[in-house]
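Chain nomenclature is as follows: A, B, C and D, assigned in order of appearance, with residue numbering initiated at 1 for each chain independently.
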Amino acid sequence: MARDFEDHCWRDIVDEETLEIYEPYRREVRVGRNPALLGIDLYNKAYQGGDRPVREVNARYSGACGEHAWKAIEPTRKLFAAARAAGIPIIYTTRHAETAGVHSTHRRIGAESEELYHIRQDFSPLAGDLVIYKERASAFFGTPLIAHLRKLGAESLIIFGESTSGCVRASTVDAYSYGFHNVLVEECTYDRSLLVHKVNLFDLHHKYADVMHVEEVLAHLESLVRSSHAA
Amino acid sequence: MARDFEDHCWRDIVDEETLEIYEPYRREVRVGRNPALLGIDLYNKAYQGGDRPVREVNARYSGACGEHAWKAIEPTRKLFAAARAAGIPIIYTTRHAETAGVHSTHRRIGAESEELYHIRQDFSPLAGDLVIYKERASAFFGTPLIAHLRKLGAESLIIFGESTSGCVRASTVDAYSYGFHNVLVEECTYDRSLLVHKVNLFDLHHKYADVMHVEEVLAHLESLVRSSHAA
Amino acid sequence: MARDFEDHCWRDIVDEETLEIYEPYRREVRVGRNPALLGIDLYNKAYQGGDRPVREVNARYSGACGEHAWKAIEPTRKLFAAARAAGIPIIYTTRHAETAGVHSTHRRIGAESEELYHIRQDFSPLAGDLVIYKERASAFFGTPLIAHLRKLGAESLIIFGESTSGCVRASTVDAYSYGFHNVLVEECTYDRSLLVHKVNLFDLHHKYADVMHVEEVLAHLESLVRSSHAA
Amino acid sequence: MARDFEDHCWRDIVDEETLEIYEPYRREVRVGRNPALLGIDLYNKAYQGGDRPVREVNARYSGACGEHAWKAIEPTRKLFAAARAAGIPIIYTTRHAETAGVHSTHRRIGAESEELYHIRQDFSPLAGDLVIYKERASAFFGTPLIAHLRKLGAESLIIFGESTSGCVRASTVDAYSYGFHNVLVEECTYDRSLLVHKVNLFDLHHKYADVMHVEEVLAHLESLVRSSHAA
């Protein structure tokens, strides 16, 4: 059975008054037609320091997302597997270490190795996947993503990765602006602060994307496999 | 004396742990060089129903921001006056009522009169100001704003208006992506939910803009007047 | 029978050597899938001064295209009629007279009336058509066109209008960059200088669009009507 | 003494009537304020086959520009030297060999080595220069160029390279749309067909850029050196 529109991680911090004000955004959620998978910044840097509290890992590994990143690994593996089985286009974003001073945010950042920005081995791109290199937060800004989506015939996106308040949000807002129907996969999306994660997911769900649970998205992708077999 | 980097409205909801994680964003804030003023969506619709709690006005006037909008009127008037005295370019965004189904968010919306999207009389555009009509949340998306900023020689922006989590945020993220130094004026920026307002302002301050208090921005604009007189 | 890839207006000025160099562009031309019609700048200004040599009309009516504009009226009417019969989306571009100094080219231009930029009555937009207001040459630059095309489900474009070397070319190059398959309708496209018209059409045909004769495009649109009736 | 506005390579093919029609574009040309140098696609592929007629080299090396490319080498070296002496930002465009099927034009293209798209050794980028990788014709489309230009404080561009009718034209039109004042350096810009080269340069000069002779641009860059020494 479909879960309620507000049955998400933000329930414990968003009060009744706010939910009432946000009532005009209530609608049925769904994976759109001809979806492509868009994994945002699933690179090694986010996982550095291991499955520990962000506060601990972040002191040594700037930009690491600690336990939030690690908790998302298993659902993210399942998501990739289901997307590959369904045969939908698979797109990754990452960046190069050296970008001549153009960065995604005001965060202080030192010299880094290119290896930090390789996609984590659990989700390595395969031949035929698309890897988009970006310098700003959005997967669309300063990249040829829109041209590839047109070429691939993608009409909607399934978005996830990190961080909710940074590159995921900027990419999702742009995707909405370009006219794509967007799904955000809750369990595969994370940030450094839970408060910030929850409020951003709340914003995105109401304004720009359908936040869905990974099991709902997996079920949809499996139905695509079945219908293609039936055809 | 300059106020602390975290001395803002979000102090009561952002905990110590999060502040520690966000330490790498700490820096000195400032109004940038050759600023232009960018007032986001200061149109009648936001003020409908008067200076009352959002919950009350919103039931009747979808999209109204109630007391938050009204509280910002006086500081916003001062900001416009100071910007005009300093002779910096003044830019407004708004929209047309009819946009063939392309909207800023997923919010349900009915037929509306063009008058709802006229700039509130307190801040009416004057001859020589620029009014940008947009259909999506960002002032840059699908508009010629970037060309006008180049033509005007603007190298930084002073941004404010509504809503923090919608058009203000999307516009500020894009402004950062295009390479502008951005100031967000706290007291002239508002949203429907305080929680959402505070967390978005927190995000924007750390990642994409210098959130400053209106008195700091006014002081800077006054210094521009003085230095142009001295010159 | 399909006409040859080079059987177009440029035959009398492009020599054998150039055709040989351009051989790697040779391919089969076709109207793409899910086309939308994009009429560029079919506004009154282009027709001012009547069906006379450009040299004569241009002295008095800056920007008029004279006999070239008038010759295109009849095929353009047929094209609109066929597109309406086929039920494909119909999009116009034009501009506002006042654009705060941001113009499509370096051409000197004085104060103008808004009426000059109304679409010529022969092709007036109907309810449900989309009119895009632009300030630069390209229909995409600084406009929400890409969002509307996504929303309409358009996957290819049928482009025509004026001028070949200005707004038609800039719009077609951008359409190609965004990933659309483009058709340019030769008899419905014009410029002030025949030399410039022919060389630009030659460029566009080889690099970015399939230049087709109006009778070929009409035949295709009629086949869309038939296949929708059959369905 | 300044050369006439029409004293350029297109004189032998553009007739009096056309020049009369194009009179409203006549203006004084100049290098703009705070220029950056933008060298388009000066990669090995263009020079393959050596200093011979295009027809000969092109049969074996698709995309080579033969004698036109080679003739531009010496003026281009001088231009880079003068720009480096003047200390202005230096930007190159090129592409990667593999771009998942997104290309600059409809030209048929086979598998290629990355080395073909390295900048020719005569003009090799130095540390601190910016290299922009693009997939479409324009240096702006799908690249972060606009963000870098803002960051560098560039207010105008000096553009040159290849091909006049392809990447140079698309880049120049976009640069104009974004609001840059553009200079195109005639002797450093080339194409495969002379007819196509001349008409495109004619178009660009009138509509979007000031086509200048290399000696005029060199003189300007030398004046920048002198004035910075004087300061």
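Here is the rule we go by: contacts are C-beta pairs under 8 Å (C-beta built on N, C-alpha and C of every residue); 3 or more make two chains touch, one makes a residue touch a chain.
Note that the structure is predicted; figures quoted are calculated from it, not measured.
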Touching both chain A and chain B: give me those chains, sorted by label. C, D
Could you run down the chains that neighbour chain B and chain C together? A, D
Homomeric contact chain A-chain C: same or different residue positions, threshold half: same
Rounded to the nearest Å, the gap between Cα centres of chain B and chain D is 39
With chain centres defined as C-alpha means, what is the inter-centre distance between chain C and chain D in Å? 27
Enumerate the residues of chain D that touch no fewer than two other chains. 102, 136, 141-142, 146-148, 151, 177, 179
What topology does the chain contact graph adopt: line, ring, star, complete, or other? complete
Using the touch definition up top, name the residues of chain C that touch chain B in the complex. 99-102, 130, 134-136, 141-148, 151
Touching chain C in the complex: which residues of chain D? 13-15, 17-18, 20-22, 24-25, 27, 54-55, 58, 62, 102, 104-109, 136-138, 141-142, 165-166, 169-170, 173-174, 176-177, 179, 192-193, 195-196, 199-200, 202-203, 206-208
Give the list of chain C residues in touch with chain A in this complex. 146-151, 153, 155, 177-180
